[in-house]
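Below, chain A partners chain B and then partners chain C, in two separate complexes.
Let's turn to the complex of A and B:
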């Protein structure tokens, strides 16, 4: 896989869109307010902006999205990761797969933690799989991205600043792709491969980390083209 | 019966005939000549400007980006070594995005906002319509 192919999907990402919220074909009248389904976000609003919360108490509210949830077993990070991993809309199936991945991460880390004899060695292992996965994605997140811009018959890869949301998506995609990089019957290998890639990324090594390094290197070498941005 | 000779008696309008040369033998009267249309207009600014694109530079945060690259190159492209530059870069871009989204939310872009220092051409036109220039020449 060449560098051009491996970073090509970034070009399709939209950094900013002129549409803030849909109006023309919306079912909801304009006075309806967007919902805040998560309890933690509601508490944040109450503590930080009480005046705004007072306005919202008696205003009509749009129905929450189907896949949002106020449950304790729901994590928005995991939902985003499932959205990256899943194929042909089978989210429930892939959610189970992610649960299996978390179970295996826990199992592997616990076994190594028990095998370690000194407390210094034991401190290196993260036993909470969710924390480990979040840290792994944070390690893989790129700081800058490059986009391919044709100018005068030449395509330049131009460095762009990136939003936090987009860079997290790219990090998740790279971890998934690193696990996906196998010969054809990949379904059987995908779960242990994901486990391995998460632990690799947590420790700052592996394919996904190398992808980030390559992208940073490309952006650094092409920093002279930064003025070609239209953004 | 149709009378064909009658049509010859009608006066033909003198389209395209130069009035100066109608009396060919006499010199024309210079008082009758109008000045050039540019000279006829009074010498003062009009109460409107020509709409143009804003000349703001859309390419933002170049300086911060180059600072970050310089720091990363010194530390083997490891961005964790330079948190100060990274924070400055991310803050710059997020500020730009929030400003940009706030600009998109404005309902009427021609309406000038009170306390605004820089006006667009449409806003200037609105202001000039409300408060036209009082110049007597």
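Let's turn to the complex of A and C:
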């Protein structure tokens, strides 16, 4: 797989028009307000903007998205990651898979943490799987991306700035793809592979991190084409 | 995350053989420590490593529970109400009377197997002779090897499973066997040249079964018979523990060579063990735990009452028995369990240590021990 092929999806991603909250074709009348499913956000609104809260109290509300909930253990990061990993809309199944990944990460880290003899060695381990996954994705996030711009019969890959949200999506995608990069049946091996890739990415190693460095290198070499962004 | 497939892990013949080969030696080196006089509900009783290997090293806890011990890096069992009830019953028992039968019943994941194994641990410390059947599924559904019996034509032998059961018995009772002087009550002829004479020690029968796997099934049947006789003669106090007893009363999956489904009566091991269900012997007790699968929403409402699980035939076999219900955790027990998980680093998410998070864990899982572990394992 060449570098150009592997970055193809970024191009598709960036050229796609941004999704705006639907107004014209929405089933909800315009007076309906967007929901605030999380309890902490509700409390924030009550404490900081009591007037706005008073307005919202008796206004009709749009139904909350069905993958939100008010649990203490709900995490938007995990939801985003499931959205990246899942196939054919089978989100519940893949949520279970991610839970197993988290369990195995914790099991592995705890075993190694117990085996470490000095406190300095122990300090290196991150035992909370969610924190580990977040840091791993943060390590993989690219600072800059490239896009294909055709100019005079030649296609240049031009460095572009990237939004934080997009960059996180790319990081998740790379980790998933690195785990996915083995022959069929991938579902049986995917869970341990994901565990391995997360721990690699947390320590700054592995395929996903290499992909980030490759992209940065490409952007650096093609710095001279940067003006094609607006010309 | 812990799928049901892993709960009922398929035991291949290879893994059985591996367990058989790797089982610990039966050296008597451990120093016995007595548990506290009055166990307190909700406290965790640690099992010593050498005793754990002797009692449950070959067979005992389910794979999920073994994994739990591995993750927590600690092997301990919580003292629950049914265990204390059992101890009270045993205290009041007159052992000159026919043996009492106890049936542990309750929802899936409520802790029936753990209670049974806790009693096995207690029995080991208090000098009982243990006959412990951890998974009858190995005999009834997926035996490692099937052979036609030579001594009793028409019956099926499972040599590898029988040898494993004998090894399990020998491991569990190594301390008891070294102290007691149990003798064989009659002459047994295994083949032309292999004979166990009357008055030889009972260990010879076990050793013969382990070394000559072809006769292992018969040896296990003889062992149970001899133990019954010894208990009747006040030579030992017997504790028979059987997990998943209701599996004996369902249709087995084992088949004859011609494709007929074998009945329980036709399997040497199962037939011999089912004789312990009756109370035609004294100086001992029988404790059985039921098995019910409620892991999926499709079978969430399957009845878990002993009448439904044991069926009419089982009910007749066990009647009269003492039912002991194993309930989900009480509020105090659930708190104790969560404290234990926090202490052993299983709970890592900061939200899970707040009062609100703990309440949520308890409420979502209905304080079911297994469900709570499943939920906590990824936090």
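Please note the rule applied: the second predicted complex is superposed on the first by the 207 of 231 C-alpha atoms of A that agree within 3 Å, B and C clash if a C-alpha of one lies under 4 Å from a C-alpha of the other, contacts with A are read in each partner's own complex, and residues count from 1 in each chain.
The rule we apply is simple: a residue touches a chain if its C-beta (ideal position, glycine included) is under 8 Å from a C-beta of that chain, and two chains touch if they have at least 3 such contacts.
Please read all numbers here as calculations on a predicted model, not as lab measurements.
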Exercise. Does chain B (first) or chain C (second) touch A:154, or do both, or does neither?
Worked result: neither
For this session: Tell me which partner A:127 touches in the superposition: chain B (first), chain C (second), both or neither.
Result: second
For this session: Could you tell me if A:92 is touching chain B, chain C, both of them or neither one (first, second, both, neither)?
Result: neither
Exercise. Looking at the overlay, does A:110 come into contact with chain B only (first), chain C only (second), both, or neither?
Worked result: second
For this session: Check the residue A:229 against both partner chains and state whether it touches chain B (first), chain C (second), both, or neither.
Result: first
For this session: Considering only the touch criterion stated at the top, classify A:27 as touching first (chain B), second (chain C), both, or neither.
Result: neither
Problem set entry | chain B contact footprint on chain A (complex, rising order) | 16, 18, 20, 143-144, 159, 161-164, 213, 216-217, 219-220, 223, 226-227, 229-231
Seminar exercise, completed: Residue positions on chain C within touch of chain A in the complex are 1-3, 70-71, 73, 345-346, 348-349, 351-352, 354, 356-357, 360, 377-379
For this session: Flag every residue of chain B that touches chain A in the complex, lowest number first.
Result: 58-62, 65-66, 68-69, 72-73, 77, 79, 86, 89-90, 92-94, 97, 100-101, 104-105
Exercise. For chain A, which residues are in contact with chain C within the complex?
Worked result: 71-73, 96-97, 99-100, 102-103, 106-107, 110, 114, 127-130
